[in-house]
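Next, two complexes with subunit A in common: one pairs it with subunit B, the other with subunit C.
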Partner chain A sequence: MTVSSASKPASPSAAFPQENRLADRWEIEIRRRRLYTALTVFIIAGLTLASLVFANETNAGKFFDRLPYFFDFFGDLIPRDAMEPIRALFDLPSPYDNGSFKYDYPAGRHDFIGVFYIPEYFMAMLETLNIALLSTMIGFTFGFLFSFLASRNLVRSVWIRGAVRRLMEVLRAFPEIVIAGFFVAIMSLGPIPAIAAVAIHTIGALGKLFFETVENADMGPDEGLRASGASWVERVRFGIVPQVMPNFMSYTLLRLEINVRASTIIGAVGGGGIGELLRLSISRGHEAKTLAIVFLLFCTIVAVDQFSAWLRRRLIGEQNFGLA
Partner chain B sequence: MTAIDYDAISERHEELLQANKWKRFAPLIMLVAIVFYSVYCWWFFAVGETLRRVDLSIAENYLADWISYEARPDFDIETDGAMQIVFPRFSPLGKDPKPDWIVIERGTMEREIGGGSQNSSAGSSAGSGLPATGFTGEGDQIGTTSQKRPATGFMGEGAQLGTTSGGGSETGEEAPTTETVNVVRSAQVSFGNAGEIDVTPKRVTVKRGGESVVLVIDVDRSVRPQSPLPDWAAQKYEDGKVTVRFGFDGRAEIEDDAVKIRRRFFGWENFLFDINSPYFGMSTGEVLNTIVRGERLDPSRSNLSLAWNNILYNASWQHLDVWIKLLQTIVMAFVGTLFASIVAFPLAFLAARNITRNRFANHLTKRFFDFQRSVDMFIWALFFTRAFGPGPLAGISAIFFTDTGTLGKLYSESLENIDGRQREGVRSVGATPTLVQRFGVLPQVLPVFASHALYFWESNTRSATIIGAVGAGGIGLKLWEAMRTNQDWENVAYMVLLILITVYVFDRISTALRVRLMRQN
Partner chain C sequence: MLTLDSLTKRFGDKVAVDAVELDIPEGQMVGIIGRSGAGKSTLLRMINRLIDPSEGQIRFGDVNVTTLSGSALRRWNRDCAMIFQQFNLVPRLDVLTNVLLGRLNHKSTFASLAGLYSREERLMAIAMLERLGVVQTALQPAGTLSGGQQQRVAIARAMMQEPRLILADEPIASLDPLNAKVVMDSLADINRREGITVVTNLHTLDTARTYCQRIIGMFEGRVVFDGTPAELTAAEARRLYGAANDGFSEAMTSTALADDDNASTGAPTRSLEEDRADTELAKQRAEALV
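Let's look at the complex of A and B:
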């Protein structure tokens, strides 16, 4: 009794400290948060500093020693006249030709019909594009087949699903360069190692995206087919594939963009194509050739990206149209 | 809808069902296109030609090298029947090994040195011994064994020839000098459960499973099987060398002047201590014992530091170097992505249409991002390798440049998709433009930004491997070099394993952080 009577008159004043406590609490929370943020920033800054020192120590040239020469390199890229990169790009004879590799543009011509020829870099670019396209196709085929075996709603057996998923994980994480190197060792330099490397990685990457799509598919059609006695293949073919195909195509096109870049890089480490030519011309200091290749590569990558974006928009659009 | 309804509709709106025809045939057309394209690629890349050239046994050997190693003793046989066992100089079994899977019966014999007949046979020994190119991809091996040969082989005799034939034409009549040498009379090489080979200077008996084959060697002339060869043995040319295979356990080549054993063992040889280390050949217990209470092997330092040093500088595995290169790769991905996200952050505000109301600035920044992305990471890597020299600085710069573009694009897109009401609310209470960004925009986008950055950090850890191969530092170059030799596939396996572990760990860290960020959001 006495307690309650004592607390009663005190309640307005007690409410005030409570409010204060809330504000204090807020202050403490804020302070703690700031401390955490500061700590995180501090740790990241420390790690970055250590990393930079380490990188600089183990680099062949030191950052501050090399910095003054940094733009020299871009200066070295200036050709002798504005027409030189164009001549290099289309394999036209150069007025500076002195028999060296630097100006021997017409030497790379691929004879076509009569006086027509395919310039060296266009041919190499075509090779790289073909590598990308073919390996995307291979990746799509296998990723497509694997994805149905890996999805929970179509395969009940944990073993099959697990095995296919683990396989795809390994294919995805395995360094591409090792696959390329291994195939180079057994079948010497050429485009096939590059195709194998890019395709194997693509199987893993697309397979993962595909089976996630399949798992999110609407199982209504599947149920209907099952009720009418369809086999597993028929259920997949008529119940799932029509739903997921637009998404599959969209992912494949995205992958194609990535693969154009990947096959360029793989080319530089022994797979042929434009990547190798670029690496050679940069390391030999052939400025006009380098500019020509970079320009060609830039245009191709932009073109492929734009084309794929346009096609994807159409596919998704069609899908929406179909649903409506 | 019944068939009658369908017919009715098709009568009224024929074009609706006509339009579907193209759609119905589209898969077929695509399939045909794909088949044609595949045929074209088969021709374009000369796939058939290349596949015909591939030797599958080489591929098998290389694959086996990932997880196993070979010991390669050779039995060299001279014309007079003197046989010696020779190990290559850098044999994984150490110097002067006495493996328990070779049982040797030794003896001495009198050998003539000098004399006409000896000289001529020594010459032919050189002729048939050197073109032993049967083992592809083992050039080094051949080099070391033929360098070894001088001790017992023709070169010593050749030198002898030089001095004795200086005397003139009576070399043949000159009394040949003799010496007593220690030779291998017979040897038994066991291939585990797979089989065994008995080697004597004249006869080689190979047993595998229940089958056995006897090969008679006429030194420097021929190798003759005494019975038809089973399918695990092969002789390409009559009287030429015979290759016998024991599956994974190894193979052997019986030539007319040597028996070359290639015995394969499972595992990574000398993973901790190389053959020059004082700890070489010790069991784990012995090593621990030596470290804890053994006498100092090297007076200048403790056994523990010696052991650690020997592991780090192991000549065949190069642990320290591999670890440094791996760390470089990790550092490249970390610093490159961090700097890219720091720089992309303000630029994204400039590029977002709803934040900066200046079409020109938006456009300029976005095209800049596109440029950085389209000039690929690989091209930047080549450029920066020229600028900074090979090493992680080039890799950091390459990742930084590419990802500034990619992250900038993603950041500006998420900025354009924010909820405008929060900003409005903050502005309505009279906040300055900076404060509007800080309290109206940042809380919405920061978790997304961090999540994107984490995702790229993780994916760059993977891609930093490959740009390393063009000289941008990190483990890529080391991997590439190890693969180029065609000898060190076990080192490749080791590095791949390290990379897979690293990628897995970083994948987990990044996923965990991203999930936490998203939950907070």
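Let's look at the complex of A and C:
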């Protein structure tokens, strides 16, 4: 709108009626938004408090009543001498050996070559890592294949897309530990049910992250290939995959980290590996063994996280030099 | 001969292309001009079948392009190469691979997934890059090239399809004048030497006048002008751009492609020897790659 400069306005608000109305509306809008934000925060705080009280009521022992006993558990974890956890970790003979399971460290040795052996917990840790690695690879393969079929920009048919998406939802609906429970019942104890359980969850989880990445891909290269007569598979391979691969790798490495933890937990319900040994040693009160396993687990998880961060930088950093 | 028969495209209520009738004989270089939103882009995309027409027919020789589907449609896509404003290369793949992607329709899906390209195809790709003056970039990721270089790579890819017709959708709209000239020269050269029909959308009148034997003007989805550059008078142009009589001149749509501009810009001062050495090196690398 135009305001004639000839007539001097008495006050600014009188001179610019439209602008003023707009400014007022904006202020009302802002106030309303602030009110909503305050209300939301208030409601969430209330709900949080209510659920904490509910959890404490339903718990067997009350949180604050039991808090003084918190350090008793750690007291029980102190071994007879400082060397005991190291002996347990490397399967060295213990001076306290009285024939019980508590001190039978060398019994777990796995023969290697001649006098060399692999300590029991290192072997079990390897088993757990193997479960994580294998299930991540299976999950990646199927998640990769499913993701393109689930993407709106690549598949027009709602039926195919819907079917693949529902399938992936079902696969990731159950936590690994629940699926593992079923498989252990079917296939008995060991790493195979653990691999199946973690892989199934991984397919669903990675597939979802993957197809969301694919849906955000730039469709320019795809259009270029379509206009030169490329088939669907060729368009996906050359137009989409080069773009999404760095993201796929990043998600997969993140999933590997998660799967190392998941396969440890699954060991505790009969999936083999270090988790099983940890559960046994805690429940039997073998403090030196428990400490050795926890230490080994901690080191492994830190190492895997560091390695995957390094690999991610190597793989994705290099490909990301300022490309559109 | 490409024939469009009352070709129409509607998006909802809006008519983007309105009953277009055209005959384009083989070997012609045609420029389509008009304001943005005049339906130029939609028309080209329909010819390549990137979008389906609402009504009407496209015929090429005795093939009814409108009803093609499946592998016959993909073969048409191959015969009718397309150049885009945004190049539509695969930025993360190297230039040579991008050019070789033009061969996808010539081979089985298995062979292309396995990357099985014959030595002839590789040499053909390198020769095409050399002809377009971008062979020194052959092993770089396509995304690291300048706009002008990317568009030339896109032309090389189009040529690998061994097309019978090239459609160019605003090929120079995102390029600076110098690169625009190089790209238009390449298209004109292909048209002249290989005798391939080139149909190109342009938004600048002077480019169309300089390069095209025939100019088609579109306004609100309809063809309102069809003739030689000489027949496109100032009055016609004004009508085409829907401009009021006051203050419209051709210079407004110009990107000034006059020849003597080259000398004055004189941008990168590289000697011919340096360029040649680069090309030689690139050729050796390319040979080693093959």
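Operating definition for what follows: the second predicted complex is superposed on the first by the 253 of 324 C-alpha atoms of A that agree within 3 Å, B and C clash if a C-alpha of one lies under 4 Å from a C-alpha of the other, contacts with A are read in each partner's own complex, and residues count from 1 in each chain.
Here, a residue touches a chain if its C-beta (ideal position, glycine included) is under 8 Å from a C-beta of that chain, and two chains touch if they have at least 3 such contacts.
Remember, it's a predicted structure, so these values are computed and weren't measured experimentally.
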item: Touched partner set for A:Gln243, first subunit B, second subunit C, both or neither; value: second
item: Which superposed partner A:Val233 touches (first subunit B, second subunit C, both, neither); value: second
item: Greater residue coverage of subunit A in the superposed arrangement, subunit B or subunit C; value: B
item: First (subunit B), second (subunit C), both or neither touched by A:Val269; value: first
item: First, second, both or neither for A:Asn56, with subunit B first and subunit C second; value: first
item: Partner chain in contact with A:Ser100 - subunit B first, subunit C second, else both or neither; value: neither
item: Touching partner for A:Leu225 - first (subunit B), second (subunit C), both, neither; value: second
item: Overlap of the subunit B and subunit C footprints on subunit A, listed as residue numbers; value: none
item: Residues on subunit B engaged by subunit A in the complex (per definition of touch); value: 34, 37-38, 41, 44-45, 47, 50-51, 53-55, 58-59, 62, 137, 324, 327-328, 331-332, 334-335, 338, 370, 374-379, 382-383, 386-394, 396, 462, 465-467, 469-470, 473, 476, 479-480, 483-484, 486, 492, 496, 499-500, 503-504
item: Subunit A - residues contacting subunit C, complex; value: 220-221, 223-231, 233-234, 237-239, 242-243, 319, 321-324
item: Subunit A residues touching subunit B - in the complex, by the definition given at the top; value: 44, 47-48, 51-52, 54-56, 58-61, 63, 66, 69-70, 73, 127, 130, 133-134, 137, 173-178, 181-182, 184-188, 190-192, 195, 261, 264-266, 268-269, 275, 278-279, 282-283, 294, 297-298, 301-302, 305
item: Partner subunit A, residues of subunit C touching it in the complex; value: 48, 50, 74-78, 81-82, 84, 86-93, 101-102, 104-105, 109, 112-113, 141, 143-144, 154, 157-158, 161
